[in-house]
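Look at the two complexes coming up: chain A is in both, with chain B in one and chain C in the other.
On to the complex of A and B.
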């Protein structure tokens, strides 16, 4: 068990700066997920923690020691790779025991510990097979067993589920969550799948171009995105964005563009009249309502049926918006629709900086 | 349907083109001269073991066989010991220098053997190692090393990098990763390098002709000498010598093939 502290970590490949300045404190027992689009430096960061990449500058502590220059084996970590990275020439048993063999653990103890982890992961029937004879999900389970058997201080997962099909991914996600509940080992998990991040993480570290965009619990990230990037990255279907200008009319704060004029609670946002902003609304926060004036109205041009819900696309002026409605109440294509924004569910971002304009103290009610 | 028949026929024809001369050689090794020198080729004849017996009865043949085996196996061994780590380094750390090395190694094979045979002769004469097995082993090691490097690079490149990283995380140092992970995983690809370099030096003629006189003569030289006896070309004996010459590489390829088949069969199950 250990905490991980990253202080001003920087990584460059030649002249290319991949991670400029990374600061993070992962607490003991915590499950932290690095989330971000591909090429955002999340895997590089994880590989630096594992000791597979050099740290250009800064300080990385695992437990209470600085591990910058330590070999992977001296860091107390275990890692699970995206493509499983099992040793193809060894049986499953040898794959799992390979790490212990190096530590000169007695054969009796190796047998006992192998039996323990394989029973947890349900791998007993496959112990004498080769990795290629197993399915993807089973191989990933072996990789997890191989990491578990060393009883590391820290688990590192590098996109472990992205090579699996959707159904298996959901099952394995559950298994990883259960495993963490049981072992409580500090875990850093890299993924580009927001579903994995939301379901597994105690805290999400959302990254963009080597920088941390936001750190927070899944709920904080979803409810209070600090920037337009975070708001657009998290949530399916994606948030609607409308460019507008802030106006003040009779002391009432409004956002206005050519097609819409919406009144806002001026106390929730740090805005000035004349400011160029982006209004953000999640499709699930648009409610079918013709009583509010003026509503967001337009002609419905596409319906995506999801089963319990339907995604309604409609055009308000030039911007195309999406709303998630109950499937039973969905309109017809071509029908005129009126939507209102659920109270307190609007987000405002500065057009230039992309930063959220929500006041710090303001908390948004759970939708 | 017709396309398949034509395809099959083409394959059979090509296979026959390859196999017929080999079969002919094998048959001729068991014919007397009267059967050999006929206008109409004979497929049915009374086999004789005189040719084989003659070849095996010559002491020079056994000496040459011994030389060939010692020289070729040593050269292949040295080639692999030096070539495999070099190939691994080139495959794992591609940069300007290793790319240059890779090309340099290939460029060694551009040189015609004649061009290096004479300098080698002078070198070995001056050092006093001319016509020794040692000088032949060292000379052939240059060939086997460059072949081993060139052919093993793709083998090592095909080993997933993550597998080696997993071994590093499992606590193994670079040497252990090479011997316990990279080498066994790449083994199948490396067998090709082994077989090819063995066959190459086993059949090597030019350098052997220039660098040996009597003590270190290899089998190809001795076999070729048999065509120079007297006025009549002893076709039967010559063919018998060729058959004998082909047996060791065939045995080696057979062993390797068996190994490869087992490796693949395991994978498919």
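On to the complex of A and C.
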């Protein structure tokens, strides 16, 4: 068990700076997920923790040791790779035992520990097979067993479920969550799948272009995104964005563009009249409203049926918006639809900086 | 026959016919000659059945050359593979990709040299009075050193030249094979407490098992054709200590006694032995 501290970590490949300045404190027993679009530096960061990439500058501590110059084998970590990275010529048993054999652990203990991890992961029937004779999910389970048997201080997962099909991914996700609950090993998990991040993480580290965009619990990140990027990245279906200007009418704060005019609670946002903003609303925060002049109305042009819900696309002026409604209450295509924004569910972002304009006190109170 | 099905024959028949004429005719001719007492001294000959073959077993020089041939195969194949794997792994671990390419280019030079040239160059390098290899010994002891005249070292010296030619070339192939391996199992083993040599011993070399076996077989077949190298460097000497089967057949047929029929029987024996041995090895490693 250990904590991980990253101090001013920087990584360059020649002249290209991949990670400019990375600071993070992963607490003991914590499950931290690095989330971000591809090329955001999350895998590079993980590989630096593993010791598979050199750290250009900065300090990386695992436990109480600075590990910058330690070999991967001396860092007390175990890693699970995206494409399993099993040793293709060895049986499953040998794959799992490989690390312990290198440590010269006695055969009797290896047998006992192998039996223990394989029973947890349900791998007993496959021990004498070769990796190619197993399915993707089973292979990834072997990779997890191989990591677990070392009883490391830290688990590193590099997109472990990306190569699996959707159904298996859900099962394995649950299995990883259960394992973490049981073992409580400090874990860093890289993914580009927000569903995995939301369900597994104690804290999500959302990254963009090598920088941390936001750190927070899944709830914080979903409810209080600090920027338009975070708001757009998290949540399916994606958040609606409408460009608008802030106006003040009779002391009431409004956001206005050619099509809409929406009153806002001026106390929750840091806005000035005339400021160019982006209004963000999640599709699930749009409610069907029969009042005469609801803020958002337009003609429904497409319905995506999801089962429980339906995603309604409609046009308000030039912007195309989406609303998630109960499938039973879905309108017909071509029908005129009226939506109102659920109270307190609107987000405002500065058009230039993309930063959230929600007042600090508000977000602190929520957190 | 329609066009579709006749096309393969158009391509195959001329090639196979050519191959049959060029390869099969001499083979069959040698086979038929091995049953005669034909010699270079007279145009007449008789068919004598298996007498040549029976005579082989009481010919101590033949038995010696069979042993030398086997020794030659074992030494050159293992020597080449050990040098190639060692050097390949060393390049993979220690050299930058750029340096690796330069080394590869340099390592290709020996095999590009015609073997006769290599043989002459190294024969001179091992010259007891003027050779560069023997120079340190001469400088220290003041005595000449003739490794090629010593029955125990002569075969080793010739094998050294053969390994020099092929080992470096195979090292290039092996470093390219190592580069083609997926990096993840190697990274996983680095996390699994394996030291660099263990990574290669337990992971990369076993992963390259199939291509390495193919390389060893290629070298084994190649080693069978080292007649020119041995001919230039020792002519089978000193005495008969480096006389392989093909050297012995050559000297029986053309140099010493002109017994073409007897020489043919040695060649046929060698052919059969090779086919049987390689079939067994091939089947065994492909299991």
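Annotations for the structure displayed:
The rule we apply is simple: the second predicted complex is superposed on the first by the 359 of 367 C-alpha atoms of A that agree within 3 Å, B and C clash if a C-alpha of one lies under 4 Å from a C-alpha of the other, contacts with A are read in each partner's own complex, and residues count from 1 in each chain.
FYI, a residue touches a chain if its C-beta (ideal position, glycine included) is under 8 Å from a C-beta of that chain, and two chains touch if they have at least 3 such contacts.
Computed from a predicted structure; not experimentally measured.
In this overlay on chain A, chain B clashes with chain C.
By the touch criterion defined above, A:48 reaches neither chain B nor chain C. Once the two complexes are laid over each other on the shared chain, residue contacts for A:98 go to chain B and to chain C alike. In the superposed pair of complexes, A:79 makes contact with chain B and with chain C alike.
Residue contacts after overlaying the shared chain place A:130 against chain B, while chain C stays out of touching range.
Of the two partner chains placed by superposition, chain B and chain C are both touched by A:89. Legend: residue contacts after superposition of the two complexes on their common chain; A:300 is shown touching neither chain B nor chain C. In the superposition on chain A, A:62 makes contact with neither chain B nor chain C.
Across the two superposed structures, the residue set of chain A contacted by chain B and also by chain C is 50-52, 71-73, 77-79, 81, 83, 85-89, 98-99, 102-103, 143, 146, 150.
Only residues 50-52, 71-73, 77-79, 81, 83-90, 98-99, 102-103, 143, 146, 150 of chain A touch chain C when the two sit together in their complex. In the complex of the two chains, the chain A residues touching chain B come out as 50-52, 71-73, 77-79, 81-83, 85-89, 98-99, 102-103, 130, 132-133, 143, 146, 150.
Remark: chain B residues 160, 162-163, 165-173, 176, 181, 184-185, 187, 266-267, 269 touch chain A in the complex.
If you check the complex, the residues on chain C that touch chain A are 182, 184-185, 187-195, 198, 202-203, 206-207, 209.
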